[in-house]
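Labels run A, B, C, D, E and F following the written order; every chain starts at residue 1.
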Amino acid sequence: MPEVIVYLAEGRTPEKKRALMKDITEAVVQNLDVQAEVVTVQLVEAPKAHKMKGGVLFSERPTAKPSP
Amino acid sequence: MPEVIVYLAEGRTPEKKRALMKDITEAVVQNLDVQAEVVTVQLVEAPKAHKMKGGVLFSERPTAKPSP
Amino acid sequence: MPEVIVYLAEGRTPEKKRALMKDITEAVVQNLDVQAEVVTVQLVEAPKAHKMKGGVLFSERPTAKPSP
Amino acid sequence: MPEVIVYLAEGRTPEKKRALMKDITEAVVQNLDVQAEVVTVQLVEAPKAHKMKGGVLFSERPTAKPSP
Amino acid sequence: MPEVIVYLAEGRTPEKKRALMKDITEAVVQNLDVQAEVVTVQLVEAPKAHKMKGGVLFSERPTAKPSP
Amino acid sequence: MPEVIVYLAEGRTPEKKRALMKDITEAVVQNLDVQAEVVTVQLVEAPKAHKMKGGVLFSERPTAKPSP
């Protein structure tokens, strides 16, 4: 505790996702004065056809930029 | 914002899922007076063996009707 | 099933929130061919100091527009 | 209602996961005086590279014990 | 890990809610072979006007039966 | 997008919670190459009687240390 759930679309490298979870863990440890051992982070990654922003699926977006 | 998460079992066509997300986006825009750009919808789709209702897995249900 | 969770900041009238939940219910019924009875919608409403977008708390935002 | 979401890492047998959902359903029925029909349980299972505890991914853990 | 989130409407006694969380913890320990120490359960309790089933708010339901 | 939900028990100061959300926003921006504007963080804060770890409610814990 606490538990952090991150909802995102697929398309990131394992390294970036690992680094994200590490930095979120650190953010919790620093700000809530808990030990890292009690901090859990889980990614809930959706296929791009299962996530929509502004009425547009991530699978329908132009791909010039990496889908965020 | 707001963010909408839909928990459902697998088994719907991409077209139905896309239409669902579009209509939810519209429902948020209409009722909360926000622009579509700020509305995010993500489906969290479970294999039928990972969702249970009434003590029965969706993978154990009779399939006469489309699994809801 | 399915279950819909809406994460939003406080500040909407009960009427708007009810209408939002009604329209989301309708969106699920229409697109997933289920009966309304199986559709659950829950709002998870945060105090404005518990929600941040773009690094800014909703409690820190200018209030000219209704907080979305 | 109520709806129960279980966030866990992959690596359990279908039998164990089914038994878990059955027991959770029973726990809700017993304690909240509702009928089983209204209880929904969904597992949100992450690949081991998408879940971190104590700053360590489940995919990085020693495997002597089954990953919890 | 795992983490269990229970979405429910308000209206239960503290004793029932505590017993529910205890039984869910036990269900996880028994079925996933983990120690109780790693199991987290959090209730996300909504005001009855923030939860809808079948197009009807829990605050609009007849109260003969305890709201589930 | 992405959306980050943090489940925690009550008992932190507004300053610590704000700093936590700021640092999580920064962690997302740095690691996923998105602009801060698209990052949403919401705290889902439970009363201590609504959160249990290891079979013990946060309201039942000794209070020598701040409840994490």
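Going forward, contacts are C-beta pairs under 8 Å (C-beta built on N, C-alpha and C of every residue); 3 or more make two chains touch, one makes a residue touch a chain.
This is a predicted model, so every value here is computed, not measured.
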Exercise. From subunit C, count the fewest steps through touching chains until subunit E is reached.
Key: 1
Exercise. Starting from the Cα centroid of subunit C, hunt down the chain whose centroid lies farthest away.
Key: D
Quiz item: Across the interfaces B-F and A-F, which one involves more C-beta pairs in contact?
Solution: A-F
Practice problem: Could you put a whole-Å number on the gap between the CA centroids of subunit B and subunit E? | Solution: 21
Exercise. Go ahead and note the Å separation of the Cα centroids belonging to subunit D and subunit E.
Key: 15
Self-check item: Approximate Å spacing (C-alpha centroids) for the pair subunit C, subunit D
Solution: 26
Practice problem: Would you mind listing the residues of subunit B that make contact with two or more other chains? | Solution: 1, 3, 5, 7, 17, 26, 38, 40, 42, 44, 51, 53
Quiz prompt | All pairs of touching chains, each written as two labels joined by a dash | solution = A-B, A-D, A-E, A-F, B-C, B-D, B-F, C-D, C-E, C-F, D-E, E-F
Quiz item: Along subunit E, where are the residues that touch subunit A in the complex?
Solution: 1, 3, 40, 42
Exercise. Note which residues of subunit C are touching subunit F in the complex, please.
Key: 7, 44, 46, 49-55, 57
Quiz item: What residues of subunit F sit close enough to touch subunit C in their complex?
Solution: 3, 5, 14, 17-18, 21-22, 25-26, 35-45
Quiz prompt | subunit F residues within the subunit A interface of the complex | solution = 1-9, 12, 16-17, 19-20, 23-24, 26-28, 30-34, 38, 51, 53, 66, 68
